[in-house]
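Listed after this line are the structures, all set down as structure tokens.
Look for chain A in each of the two complexes below; its partner is chain B in the first and chain C in the second.
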Partner chain A sequence: MPEPAGAANPENSVWRIAGRLKLVFLFAALAVLPYLLSYSQQEIAVLLVVNVLLVCSYRLMTLTGEWSLGHVVIMGVGAYASALLSKRLGMPVPVSMLAGGIVAAGTSAILSFPLFRMKGFYFLIGSFAAGEIIRLIWKRFTDPFGGPKGLKRIDAFPDIDTGFLSIDFYEPVNYYFLALVVVSASLFVLYRIERSRIGLTFHAIHWQDRLAESVGVDTFRYRTLAFVIASFFAGIAGGLYGHYVGAVNPTRFGVDQMVYVLVWAIVGGTATFHGPILGVVVLTVINEIVLRGLGLDTVRPLIYGAILILSVLYLPDGLESVGPRLRAWVQRRRAGPAAAGGGAA
Partner chain B sequence: MNAPGEGPILEAPILEARGLTRRFGGLVAVDDFSFTVREGAIHGLIGPNGAGKTTTFNVISGFYAPTAGQVLYRGRDISGRKTSALAAMGLVRTFQGSTLFQEFTVLDNVRVGRHLSAGAGFVSRLLGADRASERAADARARENLAFFGLQDLADEPVSNLPHGHQRMLGMAVALAAEPSVLLLDEPFTGMNPEETRRMMDLVRRIRDRGVTVMLVEHDMQAVMNLCDIITVMNFGALLVEGAPDDVRNDPAVIEAYLGAATDNGAGHAA
Partner chain C sequence: MVRKTLERKISRRKFLGTSAASGAALAATGTGLSRVSFAAGHTIKIGFLAPLTGPVSAWGKPGLDGCLIWADWVNAKGGVKIGGKSYKIEFVGYDNEYDAGKAKTGATKLIKEDGVKFIMMLGGDPWPGVEKIAAREGMLFSTLLPSDLSPDTKTLLAPCEVHPIYNVTGVEWLAENKKNLKTAAICAQDDSLGKPSVATYLAAFEAAGIKMVDAPLFFDPATTDFAPVMTKLLAKKPDILCLDTCYADYVHPLCEQAFQQGYKGQIISCTADFYQKIIEKTSKDFMEGFVFQFPDFDDPALNSKAVNFVKPNEFYAEYAKRYGAKEWGAVSWEYASIMDLWADAAAKAGSAEPGPVLKAMKAGGTGKHAFGDAKWWGKELFGIDNALVGNWPVVVIEGGKAKIKAFKSIPAWWDKHSKLMIKHMTALGQMWNQR
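This part shows the complex of A and B:
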């Protein structure tokens, strides 16, 4: 399902208003949601919001056609950087989170020189190797990075206390709202990028990089740009994660976590902006409510694997294709009686 | 009679190859090959299969670096530069077949073609401040489509277009990059005579807009009718260069295409 980034929409203001209304309802629902959840479910909701940013930033990278296995490690770079900057240099946590994103972006900018000499499968393996090197550095250099045990007692997000209003971000509900604001703003930026000519150029590189290059697109630069932007937001997600959980270690950003990101993206579908969000939300709900309820959460990898295989077999375009498919089915049913008389409909 | 091309070189060459050589391992695909393309010409590059035309094309357009020798564009050495950098200088190529952004609409294909002229900063794109320049780019893209008579298909997905239209769209994308030199890779392949005739007409009109055209082609009749000057390659090297009529009757060319004339004692021009 192609979604040409710049296709000029007809002046369908009704649809635009309907879209705005949908967004309003969505945010209203997201605002009410934590109050309907238990404490432990609220904690899961925080991590879910962070994971939404992780998988959406990953999708921006995949727009150019390159799939990386290092994205979770890049998230870790942001988490480590933000933790160390606040801990060692006394940087205020909101600033250090931003700096974590910048460090993650800078890391990927450097990595892009060796990595974008490769494409496709070779890039995939190269990104995996680069990620493992970073993880080995964390493990080996105990001094700043804390070795295999990682960093503990990471500074929490500072409380806001203005006299009449005091917000304690140790409370999951409050951190949920903080994450929601940061992630929404980030998603808005990612959306704008995709909708602009930059997004069109990313898609162009994906489908025909030689043709794009021939009309003056510096494909190396644009691949790097996608990688750097994706990494910046992965780094922000890392910062949000680290300062919430309070501890990071190399295992948390290992390849098994990366596989979860891939499963979210593939099960959700990557053709639309909302596909990966659907993937991560649905799979998290399945995981936390259904599996935990059944006491099956220890076999999560097994179930995830089964879901991945089933979705590749029966829903190759991902969960994002369910809506349009249902709509088409309903229309066919509705047109059915009329079409039976008319023939072609 | 291997007269090297002392033909109608009237002006300074816009594109020139000097001693161009490209090896793939032990295979010498292009061997000390030189030619000049003068500004405003339609210049044909022909030769039997395996003569090295496509490799030459790929070296000129920056897909391969030459093993030895130079490519000069307006007197500047451009050998080994990136394809995108060459496009920015005005040297744009097309591809064989229907190499297009198949998943895009027709208009979006040409919009990508306008990449170089639709510049805007990252932040202004984010904020939507590039709207004026994007609107201008859209208008120019539609003009590019109209030139090829494709304006009514602007919002169609490319995959719905018939083959002939896809070939024209490929040219429209290249022309959207506003080239000074347009390199056409087999523009007539797979076209029927009517489509070929229309395409030839379009190539002439592109030249009349001040674009120098160089093309690689198998369709002899089209090349002979269209080109001002023809370079014939064989075994990676220059065989003959000259006006179509000279090339058509050159014994060396006939031999290269039809085999040695002495075998049967008679070599008739095709």
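This part shows the complex of A and C:
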């Protein structure tokens, strides 16, 4: 990538250092976090980290302007593939997780041929139909998919015991760090893709697909590429989930779960890389920790729905717009008295 | 103007101060409550890990409501006597949303943080997420779905509902009392509850000499339009329409569709939760003779000496008073009846710890099931004798009210037709060694 204009500017260097410092603080906070949580909250943190990867991979897909209703099913493809490869073929779990991602990506590559003959709303419905077909296959073929009950007793991630170092991945804190490493690496790759020439092309297809085609961009290939990359990481998320919980079934990857992913993305916002992360983190904390902690288990769907409606009404650009709005407000407040003072002088 | 008033009345400092005070008060209240419970020093916590929201909540939430009545009654009498001391019982609920991942988190919380001594579950899809924790922690669990049982988990019991095996009693009663019924059609949601139940009904129909007009119709759990399902079911004009173990969210629209499509024959179903609402949507005449397996507990037949459930009629009255009679469902009494067994076992063991309670509960190979004395059974079907099985009631709607018509023996049916059951369970891949 060419250096952006003004890269040599010292002010830019300061921003870059500030950005890196922020990352250091973020990782330090994430490293300390599980030790501040209760045991069950550590379990929630594991699932949250997995969902961060799911929703971020979904965002990459939306960069080309297409919203899918089959992304959770694709996560399921990764989970099922990884589970079956480790259970049936004895493949080591870390390898099977990677293979799960590849199978998910391959499935998407095949699906892209019929799906990308459609656009917009039609693609949305088409992706839903494709997802349902996959779920019905899982249900129909008890061997090897386990039918409606799915697969259980899926091999856990192997413990590490080197004599002086022993890590038991049954413990949520250990699995949290494993998931954090995998997800961080995945997010880095996703981030770099978005910032690359390929990512810029995704954006171009989103906003002006006809114009992009007129200058020689093969929109079908780029849409397929986004779909395949997003599916690979969704598949990895599926593997992380399946080997942690120990069970997968078709219901877990149904349209209900997909609605959650959409809600996370919409409430967080999809204009920035961190928008969906904000959405999944804030809503999971509210739903799983705050509302449960207040003993509101049975009315959570009601409150969750209310939050969604309120956020759409009052934060149409998502939670990611809160920071810029606050900054603008602070700047206006600062500028106000200064301007007034200047006027008096 | 409103904004100005608000600005005047609620300054930022005042808001923060009030929020902090409220938070502190809330925290203090929470802590205070805990202290009161622990100050008493003799409280045993029981976990309730079931779906309290979502489509399966009809088999979770009413059970927790029933347990709260059970706890109030037992605590009012001074609690459960264990080892010479009286202990109050406190239920700690966790909504697992019928999801294995959330059930795993919930089980962890209940065991590690709440310190429960026993966890009651609905079972089904969430169980595999909990299985490993149960084995590691040695925690005693109960399920309403014995298809969760396997020799791998010795601490999982099905002490109340041996679903779906008791469904054979309804078919047997129907064959004995309505001999003109010769054919049946069956549908079920395609999931872990639907399939074993279909296998059971197929075995029961075959044993009763009733022929199926078509292969079982499995519909997707996401189905919302039941018109085509019902049209297909009624196409070959069956004498009996069997709704299997459909969730309440399916039984209601299926009945509505059968009513709207002019069906006037016999209906049999495992459950008819909130059946008064079905009558409101259809008619009293349409629902007349509807056979299912879960009685209202105001039924005088439950006052029989053979029934072990404590004060069933009073329990129903209290439930109706607190939550409304229309909220009574299949599981309203079930978890409470499991608590009767647990309390008896804990008293006998002189301990609330899972190991001794399990041992006391299974002592002698028999137990006091809600509907009469029963035996621990299930090795052939589940690989382990951890299901308590005995008599089960057959319930029929008459004049808009559920009435127990008979108590029929599940072991007696099994002794005669076990091969049929194993055949159909195997065909649908539902035997314990196939799962």
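Just so we're on the same page, the second predicted complex is superposed on the first by the 324 of 345 C-alpha atoms of A that agree within 3 Å, B and C clash if a C-alpha of one lies under 4 Å from a C-alpha of the other, contacts with A are read in each partner's own complex, and residues count from 1 in each chain.
Following the convention adopted for this analysis, a contact is a pair of C-beta atoms (placed from the backbone, for glycine too) under 8 Å apart; a residue touches a chain by one contact, two chains touch by 3 or more.
Since the structure is predicted, the reported quantities are computational estimates derived from the model, not experimental observations.
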| item | value |
| --- | --- |
| Partner chain(s) touched by A:270 [first = chain B, second = chain C, both, neither] | neither |
| First, second, both or neither for A:108, with chain B first and chain C second | neither |
| Which partner reaches more residues of chain A (counting touched residues only), chain B or chain C | C |
| Contacts of A:174 with chain B and chain C, given as first, second, both or neither | neither |
| First, second, both or neither for A:217, with chain B first and chain C second | first |
| Touching partner for A:153 - first (chain B), second (chain C), both, neither | second |
| Which superposed partner A:197 touches (first chain B, second chain C, both, neither) | first |
| First (chain B), second (chain C), both or neither touched by A:284 | neither |
| Which superposed partner A:254 touches (first chain B, second chain C, both, neither) | second |
| Parts of chain A lying in touch with chain B, wherever the complex brings them together | 2, 4-8, 189, 192-193, 196-198, 200-201, 203-204, 207-208, 210-219 |
| Residue ranges of chain A in contact with chain C within the complex | 38-40, 43-44, 47, 132, 136, 139, 142, 147-150, 152-153, 156, 170, 172, 241, 244-249, 251-252, 254-255, 288, 292, 297-298, 300-301 |
| Contacting residues of chain C [partner chain A, same complex] | 52-54, 57, 61, 93-95, 98-101, 104-106, 108-109, 112-113, 125, 128-129, 131-132, 136, 190-192, 194-195, 220-222, 429, 435 |
| Touch list for chain B against partner chain A, complex | 61, 63, 82-85, 87-88, 92-95, 99-105, 108, 111-116, 118, 120, 122, 125-128, 130, 134, 138, 155, 157, 173-174, 176-177 |
